[in-house]
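In what follows, structures are represented as structure tokens.
What follows is chain A paired twice: with chain B in the first complex and chain C in the second.
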Partner chain A sequence: MSVLIPLMVAVPLGAGFVMALLPGSSQRAGDLLAVATGIFVLAGAAALSPFVGSYAVGGWDPPIGIEMSRDGFSGLVLVVTAIVALAVILYATASMRRYTSRSRFLALVILLLAAMNGTLLSGDIFNRFVFVEIAAIASYVLVGFACGANELKAALKYAVLGAVASIATLLGIALVYSVHGTVNIAHLGEKIAASGPVMAPDSVVFIAAVLMLAGFTFKAGLMPLHVWQPDALDAATAPASAIISGCLVQTIGVYAMIRTAYAVFGATAPIGWIMVLVGVLSMAGGAIAALQQDEWRRVVAYTGISQLGYVVCAFGLGGILASAGNDTAAALAVIAALFHLANHAVFQSLLFLNGGAVEYAGGSNSLTKLAGLAGVLSSSAVPPFGGFVSKAMIVIAFVMAGYYGLAAVAVAVAALIPLAFWRVRSRPEPTERTPRTAAVPAVMTAPLAVLSALCLAGGLIALPALRSVTLEPAGQSILRYASPGTTTEQGQAATLIPSESVEQEEPDEEPD
Partner chain B sequence: MVYVLCAMLLCVGIFGLISQKNVIKIIISISIMENAVNLFLVVIGYRRDGIAPIITERIHESVQFAEKAVDPLPQAMVLTSIVIGLGVMALMVTMALRIYHVYGTYDITEILKSRKKAE
Partner chain C sequence: MNNRSLIVSRVSRWVAPLIFVFGIYVALYGHLSPGGGFPGGVILSSAFILTLLARGRKATLERLPFGVAKKLDAVGALLFLCIALFGLVVTGVFFANFIHQYLPGEPLRLFSGGTIMPANIAIGLKVAASLFLVMFALSALRISTDEQDEPIRTLEDK
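So, the complex of A and B:
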């Protein structure tokens, strides 16, 4: 079974290069190869789901060799990514017909998929950095694919800023390596945990942590470093926006950030507070910025930032709670965050693909109206939809942990998101770009229907039977690394967030 | 000493990134920053009077080998990171060329200001 782990990267990587070399006349073969690869990755992700373990690449055992490992967290994101990617590939085989080289576009999507799988499965921070870079390069090209004035501008902005973020991440890795002499995540986590209960804010490792978190915050498009995202998502073609907003920011941004924060740095209170700060800023800032947008895609982009803000905030809180020894509340926060991460992938990709279908057809029909409605309702947390259940769980986690200020912000922001959508309710309609009307082919509508159904059914994952096989193993694999009893930084952290939430600290905490 | 050089190079790169308006010069600044980090990685593995981390017949004492061999891992990482840097660089230069064709300028402020919708 562990042989499947490297294949999850190798097969799409090989297929991507073959597709890039295909002659222009065999676009059909490119379509087939892309869809086959997407199905392989989805099947592989599903087949791997009972498997927890690692694969030593080249037969060199870790910590010396390169390790690839799969656990609950990477497995969950792997499946979500594979579903969204397959939907995007199917959609793109039809919608990209209007461009000259469809198979090149699909090749980029497949390469992006390979790099995202690699990011999810790699077990050392340097290797993960390499895969993050591959994914980032593919996404720069995807944004600028149409080579129009706007696309190029957005792509250049994204590429230049992305290069700086990568340099920050690499510097962080170099600093960690210079102190601890290893890049294997498990090994490094042990060494950092053994080097002391808390990292002092002026230590080299803390600086490295901040640099790496900043790099991943950029890749996730979260609030202080989000500037590339709305432009890029606005300029790119619909399937490219869908895969960037639905998969890329989650894997190379949020997943990499959470893995780094928890497994490498042990999610101590200062790291947790940084994440809460970023989360609250994105949550509120994204929603407020979304209210000022007049274009449908920019609203979707900014609300997406807001949604990821919830996720990162809950993850950060989970780390703070776990290090304070409050394990049940920490588990709830982390599971809620994972749940919202999965729902976010589904409704963001649905919203972008649907907007693209409306533009493609030159107007909406009953199916695109319904699909758009499903995405909007899930995104704005209306009761039966998945987005509601996961967002409610996050708010409950905040309340249970006693952080009433955070809960109030979360509820207030949740009310702003439907308002932002309401302001542009008729917007995917008027498109002078494609005045012609065309029927939307079935390969484009089928992914929309599936994603809409997932939006509606997403809430069902919260049922105990499903939760115990999806969210709970993922949550356990994250919290395994959070070390309890590391709370001496609480006083320092209190100055970071001037809110009423800090007064709820447990008085019985004792640094050991 | 070399660490100071790394920090200086990084600062030069950041200064260039902030102060320059020409897209090509911005790309050069990024390259300088990248090389600063690469240099830092190489320096981590450096050892005074170090030897190559390969066992040859001249080295019999494994203790001496462990004391003197330089760390090979940063060198492997630097090679990878140089290749990534090259890829990103080539892509950014290509984009800059396409942008020049579309906008007729390399000035980043003019490019960001102009609101061209289609070619």
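So, the complex of A and C:
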């Protein structure tokens, strides 16, 4: 079972390079290979779901060798990423026919998928950084893929600013390594917890934490460092925007940020407050900026920033509450954040793919209208949809924790998002992009239908039976590392939520 | 390029093969001395980049055609992945050093270290080809700042 962990990275990576070798005439083979890889990754992510543990690459044991690990959190994001990526790949096999080389586009998407899986499964911060960079570089090319002036401008902006963000992250890793001499996340987390909670603003480790959080804030496109995101998502082709907004910002941005904040730095109160600050800024700023946009895609991009603001704010609050010893409220905040993260992936990718389908056809039909409606309603938190349930959970978590101001901001912002969509209600049809009209092929509509159904059914994950296999193990695997600020002299990542199941399921890695 | 110096062009003919051989050395001896696949690959590609700068695109493409470089790029990456997967097939562990277990070799000799040398060769190929492609793409898109020069150089060198 554990051998699937490296294969989740190796198979898409290999498929991506095989597709690069294919001659230009065999686009069909490229389609098949890409779809097969997408199905493999989804099946692998599902098959891995009962597995919690790590894999020692090359047979070298963790503190020295390279470790890959899967737990509830990475497993949840892995499945969500695989679903969205498969939908995007299927969609792109049809929609990218209008471009000269769709197998190259698909090869890039597959490489992006490999790098995202690597980011999720990597067990040390340096390898995670490398995978984040692979994903980022693939996404720079995806943004500029159509090679028009707008695309290239957005891609250049993204690439240049992204390089600065990467340097910040790398500097943070170098500082942590210089102090503690290890890059293995579990090992490093123990060492940092043993040296006392990360508090003092003048300690090297705190500076490293801020640098790394800043880097990941950029990759997540959150508010003070969001400038690349609306331009990139506006300029890129629809499937590229969908995978960037639906998978990439979540894995190499939010996932990497949360993993670093919790597992490495123990999510102490100062780090939690930084995340809450970034979260509130993105939540409010994203929605206010969305109100000023006149273009459909830019509205979707800015509301996406606002949605991820909720997620990061709730995660930050979880760390603050955990370090104050308020376990139940911390668990609720983290679970609500995870839930909204999953819903965000589904409705953002649906909104971009649907906008692309409308552009492709040169006008909307009944199916794209319905799919667009499902995405908008989920994004604006209208009751039966998944986006409502998760956003309500975040607000409840804020109230339960006693942060009424945050709850008020969250509710007010939630009311702004539907307004932003209402302002551009007739505009997902910029006919000047593709003036001709065409029927939307079934390969493009099937992913839309599936994602719309997931938007509607997303709320069901909150039911206890489903929650206990998806969100709760993920929440436990995050909060396992949160240190209660005052009592962490024992030198171990304290266990807040009783998580025997997580602890005991780690099997011995014996290669057969 | 019309303002190409004869001396630079002549000297580069002699120097480029030496750089090339040095690149192979750095990649092959990566497990024994400072260096490895990545620096070796960079040095290998710098031999072609020197030719490109000193003698232009046409002379470079005679030595390393564009299509071959593109294929080498993907083949190098796949070769590296194959080494990792062979480890999985032979010993059951991804990236395991499967050669070393059967052919340990003599320490501090070229044939030691098992899969590390083949991995360095694969990385060297990949890095050399992709850096060359990056440089070539930049040269193809170069906009001349010289007023008398033609405004945008096309892919085919005159």
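Methods note: the second predicted complex is superposed on the first by the 481 of 512 C-alpha atoms of A that agree within 3 Å, B and C clash if a C-alpha of one lies under 4 Å from a C-alpha of the other, contacts with A are read in each partner's own complex, and residues count from 1 in each chain.
Note that contacts are C-beta pairs under 8 Å (C-beta built on N, C-alpha and C of every residue); 3 or more make two chains touch, one makes a residue touch a chain.
In this text the structure is predicted, and so the values were computed from the model without any measurement.
Looking at the shared chain after the overlay, A:R423 reaches neither chain B nor chain C.
Once chain A of one complex is fitted onto chain A of the other, the partner contacts of A:P6 are limited to chain C, with no touch recorded for chain B. In the superposed model, A:G144 makes contact with chain B only, not with chain C. Residue contacts after overlaying the shared chain place A:G58 against chain C, while chain B stays out of touching range. When the two complexes are overlaid on their common chain A, residue A:R467 makes contact with neither chain B nor chain C.
Set against each other, chain B and chain C differ in how many residues of chain A they touch, and the higher count belongs to B.
Residue contacts after overlaying the shared chain place A:F17 against chain C, while chain B stays out of touching range. On chain A, the positions that touch chain B within their shared complex are 126, 130, 133, 137, 140-141, 144, 147-150, 152-153, 155-157, 159-160, 163-164, 166-167, 170-171, 173-174, 177-178, 181, 183. Within the complex formed with chain A, the residues of chain B that make contact are 10, 17, 23, 26-27, 30, 33-34, 37, 40-41, 44, 71, 73-74, 77, 80-81, 84, 87-88, 91-92, 95-96, 98-99, 102-103, 111-112, 114, 116-119. Taken together, the chain A residues at the contact with chain C in this complex read 3, 6-7, 10, 13-14, 17-18, 20-21, 55-59, 511-512. Across the interface of their complex, chain A is touched by residues 70-71, 73-75, 77-78, 81, 84-85, 87-88, 91-97 of chain C.
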